[in-house]
Amino acid sequence: MRALILGLVFLAVSVWAQPILIGFQGPLTGSWAVEGDWALKSVQIAVEIVNARGGILGRPIQLVVEDDGGTPKGGTLAAQKLIAAGVKFVVGTYGSMVCMPSSELYEEEGVLHINYGCTRVDLSARGFKYYFRTSGRDDSQARFFVEYVIPLFGAKRIAVMHDNTAYALGVAEDVLRFMKPLLDAGKLQLVYYDAIMPGERDYTPALTALRDANPDIWYYTGYYPEWALLLRQGKDLGLDWKKIKAVGSNACPISEAVKIAGIDAVMGAMITQEPLPAFLVEKYTLAKEFVTSYEAKYGPIHDSPWATYAADAIFTLAFAIEATKSLDPVVVARYLRSGAVVGEGITGPLSFSPEGDRLGVPYMLLICNEKGESALFDPAVHGHLVGM
Amino acid sequence: MRLLGKRPTWLYKQPVRWAFLAATIALLLSFPFWASRYWIDVGFYVGLYALLGLGLNVILGEVGLFNLGHAAFWALGAYTTAILNVRLGIPTLALLPLSALVAGGCAWLISSPIIHLRGDYLCIVTIALGEIVRLVLINNPAGLTGGPNGVIGIARPVFLGHVIRTPLDFYFLVWAMVALCAFALRQLQRSRIGRAWNYIREDEIAAEAMGVDVRSLKLLAFVLGAALAGLAGNIFAAKMRMVSPDSFTFMESCLMFCIVLLGGMGSIPGTILGAALVVLFPEIFRPVAQYRLLFFGLALAATMYFRPGGLWPRRRAVEFTAGRAARP
Amino acid sequence: MLTFIQQLLNGLTIGSFYAFVALGYSLIYAILKLINFAHGDLFGLGAYVGYTVFVYAFGVIGGALGLWGLLAVGFAAAALATAGAGLVIERVAYRPIYPIGRLPAVVSALGMAIFLSNLIMAVWGPRYLAYQESFIPTGFWQIGEFRIRILQVLILVSALVLLGILYFVVEKTTFGAAIRAAALDRETAALMGIDFLKVIRFAFAMGPALGAIAGVFVGMYYRQINFTMGWVYGLKAFTATIMGGIGNIPGAMVGGILLGLLEAMTAGYISAAWKDVFVFAALMLMLIFRPTGLLGEKVAEKV
Amino acid sequence: MRNDIVLETQGITKRFRGLVAVDRFDIAVRAFTIHSLIGPNGAGKTTVFNVITGIYRPEEGKVLFQGQVLNGLKPHEILARGIARTFQNPRLFKNMTCLENTMAGQHAHGRAGFWSSILRLPHQRREEKKIQEQAGEWLHRLGLWPFRHELARNIPYGCQKLLELARALAAQPKVLLLDEPTCGLNESEKATMMNFIEGLPKEGITVLLVEHNMNVVMGLSDLITVMNYGKKIAEGTPEEIYNNPVVVEAYLGRGESNVVKSG
């Protein structure tokens, strides 16, 4: 039976293999051009994988790419451009404030929109029918930090630092929210809470204040360029990551930090992280295929979870359309909202809440080992690096 | 300048001007009915930047005050709308005049002590002002501005029971504003106030010696320009339904500066043309996404090389030839 | 106390960067009355050229010359390349335009700034590039709890020496007199037989070259560079220029150092997040009460 | 005698960074006369003008106009009281037409505000018409009518000087301060200018004139004040001044060649 269907499908392909248009919206210019570049490459690899397997419903996917420059205004224009191109399914974008006005347009036009790099909690609280995200939310990471990382090291004196960007501030506030009962009960102490300015180059003042606060653990919720500088300048100031456990957010890929700050400064620093493809290859077959194809085409796999989620957004669409046998966004969206596991992507099972949030986003704690590589934190192997 | 001289004067004859104006209006009115939603949205942004450009044109073009912080007033208008609408539930459209008022009022407060500064010193102070406003918005004073997250959930404007929501609605909203402002500014240009602004631009000391109250008129220009930016802020906030500080960067102020000079200082049609170019250029060059700003930079320099007076400068010498100055 | 000394040193270091860049603004402004908005991006270009030389020359000549030799080559290459770029920009984007008016020249300068930063992005990519440890002097002296990095000392000393030389050239030599004359009154200077073009070329080579040196230092000090850095530093350095009194060479140095100290101290004692607000507010206040900058001459308008 | 003095300075002093440009200077200008202020380069004549018109604030002394103190008023307020001026090098609004330049003089007498200008209310239209007509009239009288739609920077130098005069006269001043009106003009232009100035007192305009050309000064003036190093050194009729040894020593003794251009 299956063979018959496949045969029919192939026949159909040969007769009218009209491609299915899928839109991609991302920051290809502007300050976040790096993320846009990675995401686009990942999405292209995902499309190649799907197409190599015969496409969706026997039709190949064709990507329609639009740049939003990482600004809200650029986002609306890119969205309009995609809508005008007749796209019914869109993967995008990076940055919650860019996503917000674009997703409204998609919602109005009934375009199914899968978000890959926006973790603001209230994005999914708008009652939208066509909005989904393959990434987690800000508070999933904060919950992980408070409920897993802090007890792991038995830390009591907590320092939280952000950089005032939408993302970092959100994580920091969620950490405070989850810690509140523990703080009120006197089990934990918040000894430092402040912001640094991104783009600034000199953080010695903030680090001096941090040193004086004498925390057990220091959580930095911002992005890697600043985190790397903080680690470097902290090291130069004489801060010891065995005494103060340095934990960065998921926006702080260790490989990038090592490049900027050097191994000696980053060694022993940890990050809370959505699963990265490099750590998933053992676990999921699609991850292995994705990483192999990516590295064959573009060189070493990136460290961006967001770009990985972007690829998973393509797979989500492929699975869901295939499962519903429908190209109608209404049908596909209804199916996605049902909470069913639509398939196994690069980052594991893909399923969504009725609000459109990804269900069950796993987190992990990575550490920079002696060779300057990221490794899954294992107390037995890495304990000496963090003074455990 | 040589190139400008070759411009045939019949272009400026009154019937030709009227015909041209009528054709432009017809084009603007009919455009959304044959263009796609995307191009309507592009048209909206042309209108928005035209509004911002017209505001800056009063300050920079008419009076010659170097203002490289105009985005600050845009931000003030947008945030006024956002905060008052989200917190107090005041209808977005009702906030249109209020946003202009707040932006203008703040401009008056801020510019009073600095208005006497000359040329480049005023320029740096306005840059500083733009940065201060943006940083204050980011730092979220009293939890009002939402910090880097901005303010979300702005209600759609309602005009006589009609909800303004589609690109088409916004297109007409913004261009109605542009038309209104362009008309009012044209009237001002031909009045003693507009002339006095130009006297100040040409020679401040002579203007003052000829009885022009330089300080008050400069302040008036600043307030008026900021108020127009406030209007633009309201419309922008309504369109986006959210505001965040990253929309109001120094780069935006620079773009507005370029709009005025590309079009021609003190030229209303020029400013609108400048806005069209600044918005359209990156859109037309979308296929080369990564390089579009590179070309944009080159184009700015090239325009100034070939047409230093702007693309559509104001031609005073022929404006009067319609015989309006009666022989005594 | 420790914090204070640390902040003082930081402030001086950042201040040196600003002073380097501010000088370029000031030189060009003094002569042409033009705010060269592209100057910040020339500084960025210098950092990238330095990076490229270090990365590619490290294997070839690094062994033969040692770290310091490599550094010298890197600085020289960055300074030369950026000075060249400065001259090209002057020739292509300013010289045809500035006789017409100052405002078109400002737009042209903004255009060049946008062009340059996007050119850097097109050539070197949008990612942060990291200055690697191997070509950075990493030593430090430990005095009690207090650390002085060799690099910091190097930066401060270079700033003093280079800016000292420039000051000497401008204030004490015949060519310097020509520059000052051209700055005061271009037409009269031309009548006195001063080659105005030569003076402009000097400014457009010297300013960017100093900026490039600062760019390489910034790369070494913070270890990372990206294509938007020129814009950020340009804005700050321009602020420093105005603080010191635009068109005034010692003023640019004083303004730069002062801005650096102001930043470090506000960040250390008030709030890092509000730091730039304080800096810009201080600038506004200063201009309200001293409208021509700290060392700027109070010029009576000739009527 | 005192009653017919329209403009008077009492002991005005103006310093620039230690340099005393004007030193306790007194001058009294009688109504409907042409009063000249002369002196060598750098004597402080233009500074006196700038003090009277409010561009500079004097450190000491008073400026009186029709018995009222002008100190502390801004230049535009002083113009509105009835003192207009020209500049040594014409300070025209170069990128505006000659007509618009002349209309500038009327600005202070206009009343139309922001809203009435936008809405073109009837009173604003009437005012505009009046402003234009008056400006046109002055252009006619000075022979500039053919240039009315030319930009000021495009007309010959002599016409620029005349245009500045037209602009000042359009302000309907009671006192007109002229700063070297004939400087840089050729002989025929000079004659036109002199004829015109000579007729002004008859139209009720008092003239205070700074001039280097002795023919002009001697030919026009009712009274001459001589200043040097910021101080008044002599005052009298042209004849008295011509024969005053102090003046000859300080000023005329140096010969005409020095005196053509001033600073």
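In order of appearance the chains are A, B, C and D, and numbering begins at 1 in each one.
Keep in mind that, in the parts below, a contact is a pair of C-beta atoms (placed from the backbone, for glycine too) under 8 Å apart; a residue touches a chain by one contact, two chains touch by 3 or more.
From a predicted model like this one, the values you see are computed outputs, not experimental measurements.
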Quiz item: Which chain pair shares more contacting C-beta pairs: B-C, or A-B?
Solution: B-C
Quiz item: If you average the Cα atoms per chain, which one ends up farthest from subunit D?
Solution: A
Quiz item: Counting in whole Å, what is the centre-to-centre distance of subunit B and subunit C, each centre being its mean C-alpha position?
Solution: 33
Quiz item: Taking each chain's centre as the mean position of its Cα atoms, how many Å separate subunit B from subunit D?
Solution: 40
Quiz item: Counting in whole Å, what is the centre-to-centre distance of subunit C and subunit D, each centre being its mean C-alpha position?
Solution: 48
Self-check item: Contacts with 2+ other chains: residues of subunit B
Solution: 138-139, 205, 290, 293
Quiz item: Which residues belonging to subunit D are in contact with no fewer than two other chains?
Solution: 55, 87
Self-check item: Of all residues in subunit C, the ones touching two or more other chains
Solution: 121, 273, 276, 301, 303
Quiz item: Which residues of subunit A touch subunit B in their complex?
Solution: 28-29, 33, 65-67, 71-73, 76-77, 80-81, 83-84, 96-97, 100-101, 104, 108, 120, 122, 164-166, 169-170
Quiz item: Any idea which subunit B residues touch subunit A in the complex?
Solution: 36-42, 45, 138-139, 147-150, 152, 165, 167, 239-242, 244, 246-247, 283, 286, 289-290, 292-293
Quiz item: In the complex of these two chains, what residues of subunit B are touching subunit D?
Solution: 184, 187-188, 190-196, 198-199, 202-203, 205-215, 220, 316-318, 320-321, 324-328
Quiz item: Can you list the residues on subunit D that touch subunit B in the complex?
Solution: 53, 55, 74-76, 79-80, 84-85, 87, 91-97, 99-100, 103-110, 112-114, 117-120, 124, 127-129, 131-133, 136-137, 140, 145, 148-151, 167-168, 171
Practice problem: Going by the contact rule at the top, pick out the subunit B residues touching subunit C in the complex. | Solution: 1, 113-114, 116-118, 120-121, 123-125, 127-129, 131-132, 135-136, 138-139, 205, 250-251, 254, 257-258, 261-262, 265, 290-291, 293-294, 296-305, 308-309
